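One structure coming up, written as structure tokens, with questions to follow.
By letter and in written order, the chains are A, B, C and D; residue numbering begins at 1 in each of them.
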């Protein structure tokens, strides 16, 4: 138990460093030097709609009914669509998955493994007005690897949700 | 543990497909072609009151004191009654059970099995301003099988709550 | 003052009767007799995306940056888009305008005239978790006149917001 | 302005004393002497349903579509019904009118006159998670004059709302 805690904690630390590195590299590579502050990569609406449509197409191909949310680099809602007949309760879950994925720049399912009873992030879901930490939320990155937002999908099993979210992420 | 996880995941998948089919059939069968949008089944007040009265009669027969809530297809409150002496804290629980059942078109207890520690929907209760995922919430369907709302009952054991909710659902 | 109060009250009365008639006609005309409950008109995703795109095109033509939200007949979010550079604070306002318009089946600006100090609906904004009652929210109707949802637009002056919302509504 | 403030303040004081007297008389008359604490009058479900049905019948007679809420002596929801086609936004308003009427044992419209800009209760609507202070909320009293709960009605003009609420109150 104690041992697995250390392994989990170590994993988070490594993940955090890895992500931090990617982020700084992104910023270094693209931020101009002649201003105070810096430039951060962000998703534009056309890209968000492309991810949304790709996720919707995947869901139709799989025969599942999904709520799909896209947030920008500031974790604020950028685009959303609910397929006809998709669960009403998944509106909020799709949004929370997208926000959660961007809040920590990880797939939501990774956080869910750490938030179990006894885990290092136990009940992290109580923060930020409510997180959703099971699969279906995925960070969105540009070609340079910068996180530019996130996609959250809800409406079927968590495996289906994740697969549809990946289809959206891969479209970028 | 791993095995039961697969069984749960499989159950959700089957449920999701089953529900998806019913919903699409409902929409296909009843949606006219000559309008924008479509027509979806909804509960009317007389039907809601019939379910409410049936649930109350069942509760009286069982000698339990219940809060009973009915929501419509949009998960908005349609009718409510609190029996004399029933728990005040069950007002919100009955409403949340009804909303939760309509949010995902499942009995609330089914969601509760999936939201346990280690389950695929762990801590889903943090979404939608608070879900209630123990038994007592049941979707309401019309004769054609369309979901037209849901009933939520709270005030006794979860077994009693579910039994009273079923009495309401069966009255439709 | 007294006179304008009467005019406002009369307007609401006429609106209420007009809306009531349309709703009941819709229900009478389309509700089958052989089921519990009834069928109510609702927006589908393709129609929602059409309204969203029409509103976005109008905003681009006017050179304004908008948040655009569409809710369904149950006042639940159906589709959303935020133009690049549009206000972050308008995400919630666009959603609340759409919900407010569907909550009362009126343009939000009409409610805002009635909710002023001394008006009959003073401080109605405190209900429903917060209403937005200035212009920019407009009900969406199908060809039969049934309310199937609403559009909310925020990001510029209330006159611009309303104009863009109307462009979305007129596309249906 | 100053004068009218005094008149308003005086009215409130007189109202408060009057209501206080009625309440204590009620308690004195009906509370048994052989217990610690006291007995307070409260509405039972049959009475609440009678008020609900009377209000609904009045609304049907007037041709208006209403949301009707009944709270008990503890200001907690006892019964609720939304007529088919009545505004979704009026669910919360009807409940808040009923609670507001019981919170202060006054018709909501009386409070609304005092909560205007410059009035003695300016912006009281910010308390208690949101009050509604325009007409449509009315305390419910038993034959002895004790307040046993309140009714809140929303769905038309405030005059109509009040008239339907009075029909409910008069049925007790």
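The rule is short, and it goes like this: a contact is a pair of C-beta atoms (placed from the backbone, for glycine too) under 8 Å apart; a residue touches a chain by one contact, two chains touch by 3 or more.
What you see is a predicted model; the values in this text were computed from it and never measured.
Listed here as common contacts of chain A and chain B: C.
In this assembly, the C-alpha centroid of chain A lies 47 Å from the C-alpha centroid of chain D.
Look at where the CA atoms of chain B average out and do the same for chain C: the two points lie 28 Å apart. Chain centres here are Cα means. That of chain A falls 31 Å from that of chain C.
Each of residues 38, 44, 72, 74-76 in chain C touches at least two other chains. Contacts between chains form some other arrangement here, matching none of path, ring, star or all-to-all. Inter-chain contacts occur between A-B, A-C, B-C, B-D, C-D.
By the touch criterion stated above, chain C contacts chain A in their complex at residues 44-45, 48-49, 72, 74, 76-84, 88, 91.
Of all residues in chain B, those touching chain C in their complex are 30, 32, 34-44, 47, 72-76, 142-144, 146, 148-149, 172. Within the complex formed with chain C, the residues of chain D that make contact are 63-65, 84-85, 87-90, 92-93, 96, 112, 115-117, 123, 125-126, 130-135, 155-160. Those residues of chain C whose C-beta lies close enough to touch chain D in the complex are 9, 12-13, 16-17, 20, 23-24, 27, 38, 74-75, 99-100, 102-105, 117-118, 120-124, 126-129, 131.
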